[in-house]
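Take this structure, written in structure tokens, and hold onto it; I'll ask about it next.
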Amino acid sequence: MSRPSWQALLALVAVVAAVALPLADGRSTIFLVDDGLAGFLVVWTVGLAAIFAVWPAGREASIEALFIGAHAGAAYIYLFLPRFAAAAPAWTFGQRPADGSGPVGFGTFLADTAGFWGLFLAVWLLAWLLVTRLSLLRAGGRLGSLLLRILVPALFGIWLLFLWEVVTRALGVPPVLLPPPSAIGARIAASLPTLWADFRQTFLKAVIAGFAIGSGAGFLFALLVDRIPFLKRGLLPIGNLVSALPIIGIAPIMVMWFGFDWPSKAAVVAIMTFFPMLVNTLAGLDAADRIQRDLMRTYAASHGQTLFKLRLPAALPFIFNGLKINTTLALIGAIVAEFFGTPIVGMGFRISTEVGRMSIDMVWAEIAVAALAGSVFYGVMALIERACTFWHPSFRT
Amino acid sequence: MTAGTEIFAYAPKRPNILVRFLNSSFVAILVVAAAIVAIWYVGAVALNATAQNFADERAGVTRDWPDFVKATWSQDKPRLPAPHQVAEEVYNTTFLVPPTAKRSLVYHGWITLSSTLVGFVIGTLLGIGLAILIVHVPSLDRSLMPWIVSSQTIPILAIAPMVIVVLAAVGVVGLLPKAVISTYLSFFPVTVGMVKGLRSPEPMHLDLMRTYNASRWQTFWKLRWPSALPFLFVSMKVAVAAALVGAIVGEMPTGAVAGLGARLLTGSYYGQTIQIWAALFAAALMAAVLVGIVGLVGRLVFRHMGARPA
Amino acid sequence: MTDEAAAPRGAGILRAIAQKRSTPPLAAAAAGGAVVPVERAPAPVPPAPVVIDVRNLSLTFMTNDGPVDALSGIDLSVHRGEFISLIGPSGCGKTTLLRVIADLEQPTAGSISVNGVTPEEARRNRGYGYVFQAAALYPWRNVARNVALPLEIMGIDKAERDRRVAENLAHVNLTGFERKFPWQLSGGMQQRVSIARALAVEPDLLLMDEPFGALDEIVRDRLNQQLLELWAKTGKTVIFVTHSLPEAVFLSTRIVVMTPRPGKVHDVITSDLPRERDLDIRETPEFLKIAARVRDGLRAGHSYED
């Protein structure tokens, strides 16, 4: 007999607390039971899901119940949030009660809203159990396991956003400090043209151009250096050293040399991406093992034949490793270089000016775009890598 | 096969000491470094020539070419300062100025270094802790790990100005906000490296611990931790470099008060190229030394563990 | 098959010519690097031509711990159609000798000719096929393209490449596996692909460096038999490095026993087993007699280690 799940037991206690204690106290105290059908449904779905989940013996069966209970509770909490603004505690910059009564202390605030936090805790515990049990699940079939591999982190991410949303709004965290995700989403929707213009300036011009020039030059230079062993011995340690240096610091110099517009950012990106590519390609060209080289030698293969038929294919995993490192470096380089002066467009420019104007939601919007662009850029590289190096042990199925 | 009696004798090869010395990496590195300096000098002439011509024309000076080259190497605000100008600036602002002065590289370097180190230490500890959790809690592995891996593709540095300004808005200024950025940048590589390292023991070794009925804790200390150390030091090298970049970028939006990042920014405001290059060199030197120290500590640890020197 | 291979051969002739060299190594060493006549052993039948001629060959590696004599005063001549095994304990230089023949190592003294020219020229003429300890297949090429690799390098046209790939995969019983990738095959199949790859060059000389060393006994037996059939069918000259005594005796017409530190030829044993053999021959007294002699030689080699 396995032990009962402590998360589920605690969730049950929290549901009881949620029923017994007030949800919010703005102008009037609200209890869960006051909220009619919605309150009734939430208590029972969350409570039943917790009861179902107590005994891990019913692990698989409890997953559906947990899923429904957790998300029904989350939906209720989300819809309840607007009623909460009235109850913000004094230690934040939140709005005061409309009737002019003074700000409340944090203790009073918690006591007045304990039912809400109880429900929130219960819902979170259910979500935690849900993710835990989902991650222990072994799906049959390839599609099933792929779906599960996506579902678990996706759920986790969504619940993290939910936590962020509830905490910032319920506690009345000032938007200057940390805006709730919904406000950031609204901001993104409202300023799509600006975001697109910035994206075009920074990503489509500076990042792509710099990435192509830097990686291409690094690759070609590696091929050249590879032919001259002396240069290779001398350059490899220096290249490794330079790869670890804060190259980003050359941004002001590049702005001086190439002007305010995107070419100076492309130059920074090109220099930042050059060395990782050089070092990785050189390492990759040495990756073919000895027997494979001896084999080419027994065929009396020329330098070019050995290069194209053996060493470059064997170097591909390293080359793609360099390219993947470079996707991130390129975006960082372009954005940070814009801190040193740009025309009035670009992601780095927008971040630094909006920070100055304290419109933090716009900054978060830009960061969301940058994160998306970075992930997609990386993802595209990873896909190309998979297609080119399907034979590598890390991809074999 | 009547002609099959040809004889081919080979002389033994034994390179003499001079040849071996010339073939050593040390000489190769020196030669490449010298070549870079030479290219730099030539580049300084090329990039500064226009400004020099312009200045000479206005002053009505005509120069022969050795004098002209010398002039391009000694401008006040050159497009590309010559190596010796940078070296001179580094020397002057390091040794000839009291370390408390605003012009002192030591002063600015120390400010950057302190937030780098604070951030690096916190970030490394955080990264190790998170990795231990991820390895031992399966649900965290499946839910959190994908986010940590994919967050490496995000240009995290972009949030640096926001962190600085937001923390300043709630009254946190000085070393801490920069250390936060350094922490943030350095804990990702450590987490990823340590998860890989803690997972690196072969199944056979784990099975061996199982046959001893070793506890999780014993398996961790006697097997997982030692096998993770090489991964830890590799990722710590990446982390310390990232922490330095974080500190430098973190110094830029605070109104450029102090630190190497601030030196870069004020230099770019006032066109003080020599100052920029000097700050760059100080940063590069610091990065090299920090990475070197981490590598050295790693080697000492491995030697203490009795590992074969690589 | 090139036209050279049309030289007379047959079990009787081969057995007749495949005999131990009568000259002790020291006599050849005294000759230094000078020209030495090839045919010294009187043969009852006109002997097959010499394919490989090694005279007083030495190779010293420079290591951090000082010079190491990998090979010292090796003499050996190999005639067309022979199956020679090099056997000995590790460090006896058997692989090094094979690599010198393939021009993968350069000797420091002595002389060597392969197909009448230097090993380097022989390599440039694609005069031999080499099979390594590991299959060394390229993981990014499927089986057919792996076998075609040397042919691409030699600049042979597509139609001929396809013909040779099909023919040689059939030789090693791998027809139907053309589109598989190496990692989808078992170790034994991979090694068969690598043999097909060596055969695709259509060399008269096949150099094999412990090709079955990593395989299990059963697979090794089967591949040994296939190799013998192939050898009988094509009449190639084979030099085969191994550390397995039964393998050496089962396969070879002559067995060269080597001893380490420095790498030397200790004994050369001519096998009088019939050319056509199956695995049961390993139970016969003739087989055991040869095996015993080889074992004596190996013991002598191992005694150096005590």
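The first chain written gets the first letter, and so on, giving A, B and C; residue counts start at 1 in each chain.
Here is the rule we go by: contacts are C-beta pairs under 8 Å (C-beta built on N, C-alpha and C of every residue); 3 or more make two chains touch, one makes a residue touch a chain.
Everything quoted here is computed from the prediction, not taken from an experiment.
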Centroid-based (C-alpha) most distant chain relative to chain B: C
Most centrally placed chain, judged by C-alpha centres: B
Averaged-CA centre spacing for the pair chain B and chain A, given as whole angstrom: 25
Distance between the centres, which are taken as Cα means, of chain C and chain B, whole angstrom: 52
Chain A and chain C: spacing of chain centres that average the CA atoms, whole Å: 59
Contact footprint of chain C on chain A as seen in their complex: 289, 291-292, 294-301, 305, 309-310, 313, 316, 389-393, 396
Chain B residues touching chain A - in the complex, by the definition given at the top: 23, 25, 27-33, 36, 47, 79, 138-139, 141-147, 150, 152-159, 161-162, 165-166, 169-170, 237-238, 241, 244-245, 248-249, 252-253, 260-261, 264-265, 267-268, 271, 273, 276-277, 279-280, 283-284, 287-288, 291
Contacting residues of chain C [partner chain A, same complex]: 99, 102-104, 123-126, 128-130, 132-134, 136, 138-140, 149-150, 152-154, 181, 183, 201
Chain A - residues contacting chain B, complex: 128, 131-132, 134-136, 149, 152-153, 155-157, 176-178, 230-231, 233-235, 237-238, 241, 244-246, 248-253, 255-257, 327-328, 331-332, 335-336, 339-341, 347-348, 351-352, 355-356, 358, 360, 363-364, 366-367, 370-371, 374-375, 377-379
